[in-house]
Amino acid sequence: MTLQHYLVISAILFTLGIFAVLTRRNAISILMGIELILNSCNLNFAAFSRFMTPPEDISGQVIAIFGIVLAAAEAAVFLAIILAIYREFGSIRPNEVDTLKG
Amino acid sequence: MQPLSNIESLLYFSPEILLVIFAAAVVILDLIVKDTESSAVAHLSLAGCICVFATVLVTHFSFSHEGPVSLFLGMVQLDVFSSFFKVLLLLATTATILFSLRSEELDARLKGEYYALLLAITLGMFLMASSTNLLMIFISLETVSLTSYILAGFLTHNPRSSEAAFKYITYGAVASGTMLFGLSLLFGMAGSGDLGQISVRLTELLAAGEVAPLAVLIAITFILAGVGYKIASVPFHMWSPDVYEGAPIPITAFLSVASKSAGFALFIRFFYSGFGSSELMQAVDWTFMLAIVSALTMTVGNLAALPQQNVKRLLAYSSIAHGGYLLMGGVLLTPEGIGAILFYLIVYLFMNLGAFHVVVLIANEEGSEMIEGYRGLASRAPLVAWAMAIFLFSLTGIPPFAGFFGKWLLFAAVLEQGYYWLALVGLLNSVVSLYYYARIVKAMFLEDAGEETTQTSFSTGTFALLSVFVIPTILIGFLNIFYTFSNISVPVIPMQ
Amino acid sequence: MVVPLISLILLCPLAAFAIFGLLGLGNRSFPRQDYLSTAAMLIGLVCSLLLLREVVPDPVPHTVKWISLGGVTFSMGFHLDSVTVIMLIVVTLVSSLVHIFSMGYMHGDPRYPRFFAYLSLFSFSMLFLVVSDNLLGIYIGWELVGLCSYLLIGFWFEKDSAANACKKAFLTTRVGDVGMFIGMMMLFTKFKTLSLYGEGGIFALAASLNTEDMVWLSIAGVLIFCGAIGKSAQVPLHTWLPDAMEGPTPVSALIHAATMVAAGVYLTARMFPILTETSSLVIAYIGGITALIAATIAIVRFDIKRVLAYSTISQLGYMMLGIGAGSYVAGLFHLTTHAFFKALLFLGSGSVIHAFHAMHAHGHDDEHDHAHDDHDAHGNQDLVHAHGSEIPPDQDMRNMGGLRHKMPITFVTMLIATLSISGVPFVFSGFWSKDAILGGVLGRAMEWNSVHHYLLFGIALFAAGITAFYMFRLIFMTFFGEPRNQEMHDMAHESPMSMTVPLLILAVLSLPIVNVLWFNENYVKPPEQPHLHAPQHAHISPDIKTDKAKMTLSLFGISEAVAAEEGGNDTHGAHVDEGHHGHGPAHTIAMVLSIFVAGLGILLSWMFYHRRSLSAESVATTFRPLYNLFWHKYYFDEFYDGVLVALTVWKARLFAQFDGTIVDGIVNGVGTVTRDILAVFIGIFDNRVVDGLVNRVAEVTWAIGGRVRRIQTGAIQTYLFVVLAGIVLLILIFRVL
Amino acid sequence: MLLSLMIFIPLLGMIAVLLLPRESEELIKRVALLFTLVPLALAVALFISYDRSTAGTQYVVNVPWIQAFNIQYHIGIDGLSVTLLLLTALLGPICVIASWRNIEKGIKAYMALFLLLETGMLGFFAALDLFLFYVFFELTLLPMYFLIGIWGGPRREYAAIKFFLYTLFGSVLMLVAMIAVYLNSGAPGARTFDIPTLITLASTEGHALNNVNFQIWVFLGFFIGFAVKVPIFPFHTWLPDAHVEAPTAISVILAGILLKMGTYGLVRINMAMFPKGLDFFCNGIGFWGNSLALLGFINIVYGSFCALAQTDFKKLVAYSSIGHMGFVILGLSARNDSGITGAILQMFNHGVISAMLFLLVGVLYDRAHHREINGFGGLGTKMPVYTGITTLAFMASLGLPGLSGFVGEALSLLGAYDKFKMLTILSTIGIVVGAAYFLWTLQRVFLGTLNPKYEELPEINGREILTLVPLGILTIVLGVWPNFAIDMFRESVTNLIDVLHAI
């Protein structure tokens, strides 16, 4: 497995994430898309840190770990807000949440 | 300069630590105080801000003679640049807390969380202003974002607020995700997280041709998405009108000033010390990209503001436009440019917060954020009306108000670098902007209140606070010390 | 001694007016303004008589720096030569008499004091014009007299006819003045000065011009003359003068007969040294044509004042002709004589009108009756004036007749004046002056053998005949025959002393006693005309000066005249020297002819209007087209109002339209184009945002609003798409660069 | 010091007025009057003690202000500015008196704004530092906007914003030009806004400011900025609206002073600082060489004809101003002493005369409550004094010799004919048309039979006469003895011409 493999995979993940975010008609799926994006980044960091930096330098992995933590926090906030949305709008379809516009 | 170890750093880090302590104290106090009406929490956080303010000054003046100090093994840096922004941000926070005290839309039961979050977000912004490492940059950015998502949606049982929060987080998450991807690429190319080393390595690699400029460009653009979303620059601005309209007014004010300033702090430090070296510029002329972005930002912001009827939303667009003006300074890579940005940020802080303060007052009085609500204000509350007029004309950039001097510095800096077209776009934009600002003035002064012309009376505290914003808006331009900010840029301008 | 005297002459009337003006601020007025003004005028008269002896052969102008710039300076000053003095005397004299006359005529008018104040202001301006030694000064006086004429014609401004007339007078003359101003600009640009006399003066500098500048100089001369055309009511700018008769009759006597209108002649005479043969010829022709046209029109008028007005125009034409034909002295001579007898005629007619007023109502308020019989007060208040307004009954000669018994003094004095203007030999001044002109023209014709001048002589002669005819027509219709309007006739009465005395004085002045002034050869010297050369083909007529002719002349003191002309002409320089001996026989011939035509004219008019052996009506019918032409005053007014004025107004309206629509429109147009080119984003930035924000605020705002809504759909995923699109675009921007 | 006092005393007055209670209106008016009278007194002192024998600036105050850009608070007066300064100081109290009765609401704010406006105008004419100059230039904008917008006529909002936008548009271009001049004025650190210094730099061979193309572009930038104010066709469309809507006193200021700010700027900056740029626009060669004179000509003829077509008394006067400013432009484009002197005189005289005209229109409007020219008629019998004064003003305005209007016009024409023969001759059309519309108005309003509607029209009162008399006296004095004014600026003009011909 070379760096390229990791990069390709992460690129695919990223694109999938973006795709999900743009197309899904459900807030939860959008959240999943976001998670995909973040994870693709984490993968990048880990891979780069493994291949591009001296073995003793693990800053890349550290960043990846922080990334995971932050992703978790973000997911929590996101879900909380989705709850609020559901309470107010009775739906979690993003295209129905569009009272603010123009 | 050797980065200090974690233990040594703590002393230099005292402002941030103090912020954390006060945030915690606020939560605890909120648990103790049962009476939902008391504003003890707010006052505690105010006290916190003041203490932190003092500490910031102390740390700055006691350590600045050592030049920039790198803390926590190069994670953050304490220098005049960060101190400047810390002061700026604290002012914004203080003002926001005062607004929140007067604002009647906030849920009294959730004060504790509210103020705690405010202090937390301030902490995040402190870090944004001073971080020098990809990791730290990302963490600080996320801290600010997450807290601001919550604050934007703070009005429970208000659909607009929730919608604002939802859009904000979705947008923010994608943007920061994109940015993180860019950061990872950067990390991969440079093999290090430290901005200084990244700059050096990238330069070498580009010189050696081991890295394709396109890769660097993509990385930069992805990162720009994250930063641009913080400073609401086209095309990453679209969240801001909706969020500003939906969020509680004090938060809108805070976001439009503080988070924009923090965004610029990050942007300047990151782009200047990361990609500022001349060799890198030759490979990837990202400043040109920024110039276009800035021109677009101000134009779109102003034109979109024209038809707005909701003053909050109007000010949201206007703050987008001002983001555009500020970016002009960022294009230049010169101390003058940065000096202009910093100056303008200070001015912008006062005039924009002032305007929002008036919005708060009117919202309390009229229960309306629409321009109609301002009709005949001059006859009902002349002082408030005049203050608002001053803020708006200052935002337009008309002498003798500070806004003019801010614009003047920016345009001078831009013209000096020969970006005539950019300056012209900016100036024409300020003409356009006059129109929508004048619409509010027109409503306040030139239109009659209609049937009821009852004298609305405000507390002396209100006027005191108002004057706190008015006086600087008038005076700053005439004071010499404010024109010396270009020195502050020293730590972030790369050695050519 | 000169300066204080002149200053006194100028300051007295000015002071008289100033007092009125100052008191006027408080809406009060000095109780005896009339005495004040009259006294001022009399002082002026005395001073000018004193000045007679101050005249020196080559006077030095007394100047002060008026406007001094870095480079050039404009000076103001007096130039006192014989002509000036004579003009001063004429003006002050006539003015004083008119003042006195007005005390009776204007008695009881509600704005009585104001009238005298205006008269004083006028006198000041006129005198200032006369004495000033530079074009700028002349121009200033020139415009000021214009103003006074405006104020005085419009003195009874309740009459719309008067209101129109005064405006018309001011505007018409102003057209001429602009020409004059352009001429001044030409002279100034060339000579860097506007003062006429002295070393650095225009005349001195112009004398040194060489032949290739002649065209330029001619143009300048004619342009300056334009001013005279306007003021002296020469064709084609003569139409204002008849309408000016709307003013009170004393005003017509003073301003529109004796002084202001003569100012044009005076100016032309002042410009004499820079006249080239071209410009002289132009002047002569305009003069001649004017003389003829006006005379013919006068034949068919019935309004007694209008007849006099046209006769004034034609007489002014004579003077111009004289000066244009090079007989400087004759022209000015006619000016003075005309001043007196024409003033007399007007005052006489005034006396008649005054007599008829009695029947209308008592006192003078009835002057305002015209206001009442005016059709709609605001109807014809248009820049296109209404004129030929119906003749007021008390001025209509068809209502008069047989007045000679009722008002003998008036009759006698007017008769004298009429004889004088008709050129009846030899005891009337008018004869001498007119003959001097005719002789001069004929002389120039013979001496140069130029067709032009022969033609002009013919015209002048013919006009002289007509003059005699219509003047006697006036006399016969007014004073002889049976009263046509009995009850008016019964009411008529001789005017009070204050009015008859001036008539008598003027009557005396219409006798050839003023000639003395002119024919003292070392008194009036015609200035040289360095640029006036006899044309090559001019064959110098042989010396046919006969003692007989000489003797005939000397009989009646005209010998001085010839001597004067010669004395003057001696200074002309060799090229014309011999030629001038032609004057002897020229004068004789002219005299004989003029006496003949005058007699003929009088005879005809006697047969038409007194003995009625010929019927004017039948002649009118036989020559219908010609009659119409005269009756409609050659359609000048119709032309001006129908074409010029209408055109101006139309253009003005057009411009206003243009201003409203096009100018803003252009800006907006630019805006539209911009929008179409840069579609979505910048499209919102329609130029109307910059300018027409100013105009179509609402609509544009909404247009933009719609566009913005299209961008900012509330759907979050659109936003995200924009983000991604933005990133891609930004990267692309780079790759294409 | 005297000068600074003069400039900032009205500002003190504003503060004083603001401190007064809004109920005590009489007191407010008195205080405002006092604080406008003091500058007038100072102006008189200035006029007396001003040294007419030198072209240099006098009463100079020069203290550093913003060192970072070495912007100075540098004020001083030379012949050009002193005349306009006097005019401003004179019109100040007159306008306060003129507003004594006919401002109903918010007299406090009105007076405060007016005093601020006066400070702006005085400062503008005294400023010798480009930046200060610009700041004062803009400072007049805000009060004007409110004064028109709040106390104006029915369409005041529209007029106010139109005025504001036009001027701002012009002044941003001016700002660019200004910064360009600053940046080219020397090496970083050695740059300056000091107008005298810049003028010398611009005339030194080889200096960046001396470059022809640079001067042409910068000239344009400033020119548009000032052209809007003057106003020069086609930037004039704001003027009629602003005038018609503004209250009397403000129209007076607008016509009397603000228009002059434009022409003053043209002389002070465009001509003195960019002689080469100026040369390009009026050297008489080709289209561009005649463009400036052409604009002057267009202003004259166009303004006059538009005036001829108006039926609104105030609009007519407004358009006549456009016409008269044309003479200023024409005179300036001649670049010789009679032309420039004429132009400056015309500035001053038009200030006086148009002030009179607007005051007179105001008098009529206060009585009849409309300005429709055709709606009047025969007022001459009812209000003779008013008629007399109006006639004086009209005659002065249509350039009757003996009154001040003539001298300026005549001199500028005489000067201009030297350079632009055809254009000048065509411009004389303006003289005739000018006479036409004024006399026509005179006839429609005052002559003819009295319109029965106005049987009871009261005569002009003492207060109104008080505002008019000083101006009337000036009109006559300057018409009779122009040197009275010319002495003030003869040297300056000579100096300016030397600069212009140095290129």
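Order of writing sets the chain letters: A, B, C and D. Residues in each chain are counted from 1.
Simple rule for what comes next: a residue touches a chain if its C-beta (ideal position, glycine included) is under 8 Å from a C-beta of that chain, and two chains touch if they have at least 3 such contacts.
All values derive from a computational prediction rather than experimental measurement.
Peer 1: By the contact definition above, name the pair with the higher C-beta contact count: B-C or A-C.
Peer 2: Most contacts of the two pairs: B-C.
Peer 1: Just by CA atoms, which chain is the most central one?
Peer 2: Answer by centroid distance: D.
Peer 1: For chain B versus chain C, what separation do you get between their C-alpha means, in angstrom?
Peer 2: 79
Peer 1: Between chain A and chain C, what is the gap in Å from one C-alpha centre to the other?
Peer 2: Whole-Å distance between the two chain centres: 97.
Peer 1: Chain B to chain D: how many Å between their CA centres?
Peer 2: That pair's centroid distance is 44 Å.
Peer 1: How many angstrom between the C-alpha centroids of chain D and chain A?
Peer 2: 66
Peer 1: Would you mind listing the residues of chain A that make contact with two or more other chains?
Peer 2: Counting only residues that touch two or more other chains, chain A contributes 18, 21, 94, 97-101.
Peer 1: What residues in chain B touch two or more of the other chains?
Peer 2: Touching at least two other chains: 166-167, 170, 174, 178, 241-242, 428, 431, 435.
Peer 1: Mind pulling the residue numbers of chain D that touch at least two other chains?
Peer 2: 161, 165, 169, in rising order.
Peer 1: Pull out all the chain pairs that touch, please.
Peer 2: In this structure, the chains touch in these pairs: A-B, A-C, B-C, B-D, C-D.
Peer 1: Provide the residue numbers of chain B that touch chain A in the complex, in ascending order.
Peer 2: Per the touch definition, chain B meets chain A at residues 134-135, 138-139, 142, 146, 149-150, 153, 156-160, 162-167, 169-170, 173-174, 177-178, 180-181, 183-185, 187-188, 191-193, 241-242, 245-246.
Peer 1: Taking the touch rule as given, give the residues of chain B at its contact with chain C in the complex, in rising order.
Peer 2: Those residues of chain B that touch chain C are 166-167, 170-171, 174-175, 178, 214, 217-218, 221-222, 224-225, 229, 234-236, 238-239, 241-242, 284-285, 288-289, 292-293, 296, 299-300, 303-304, 306-307, 428, 431-432, 435.
Peer 1: Contact residues on chain C for chain D in the complex?
Peer 2: 21, 24-27, 65-72, 136, 139-140, 142-144, 147, 150-151, 154, 157-158, 160, 162-164, 166-167, 170-171, 174-175, 178, 181-182, 184-186, 188-189, 371, 374, 377-378, 381, 383, 648-649, 651-653, 655-656, 659, 663-664, 666-667, 690-691, 693-695, 697
Peer 1: Show me the residue ranges of chain C that touch chain B in the complex, using the header's touch definition.
Peer 2: Chain C reaches chain B through residues 681-682, 684-685, 689-690, 693, 701-702, 704-705, 708, 711-712, 714, 716, 718-720, 722-723, 725-727, 729-731, 733-735, 737.
Peer 1: State the interface residues of chain D toward chain C in the complex, per the touch definition above.
Peer 2: 158, 161-162, 165-166, 169, 233-234, 237-238, 302, 305-306, 308-310, 336-338, 341, 374, 377-378, 380-381, 384-385, 388, 391, 395, 400-402, 406-407, 410-411, 413-414, 417-418, 424-425, 428-429, 431-433, 435-436, 439-440, 442-444, 446-451, 459, 465, 469, 481-483, 486, 490-491, 493-494, 497
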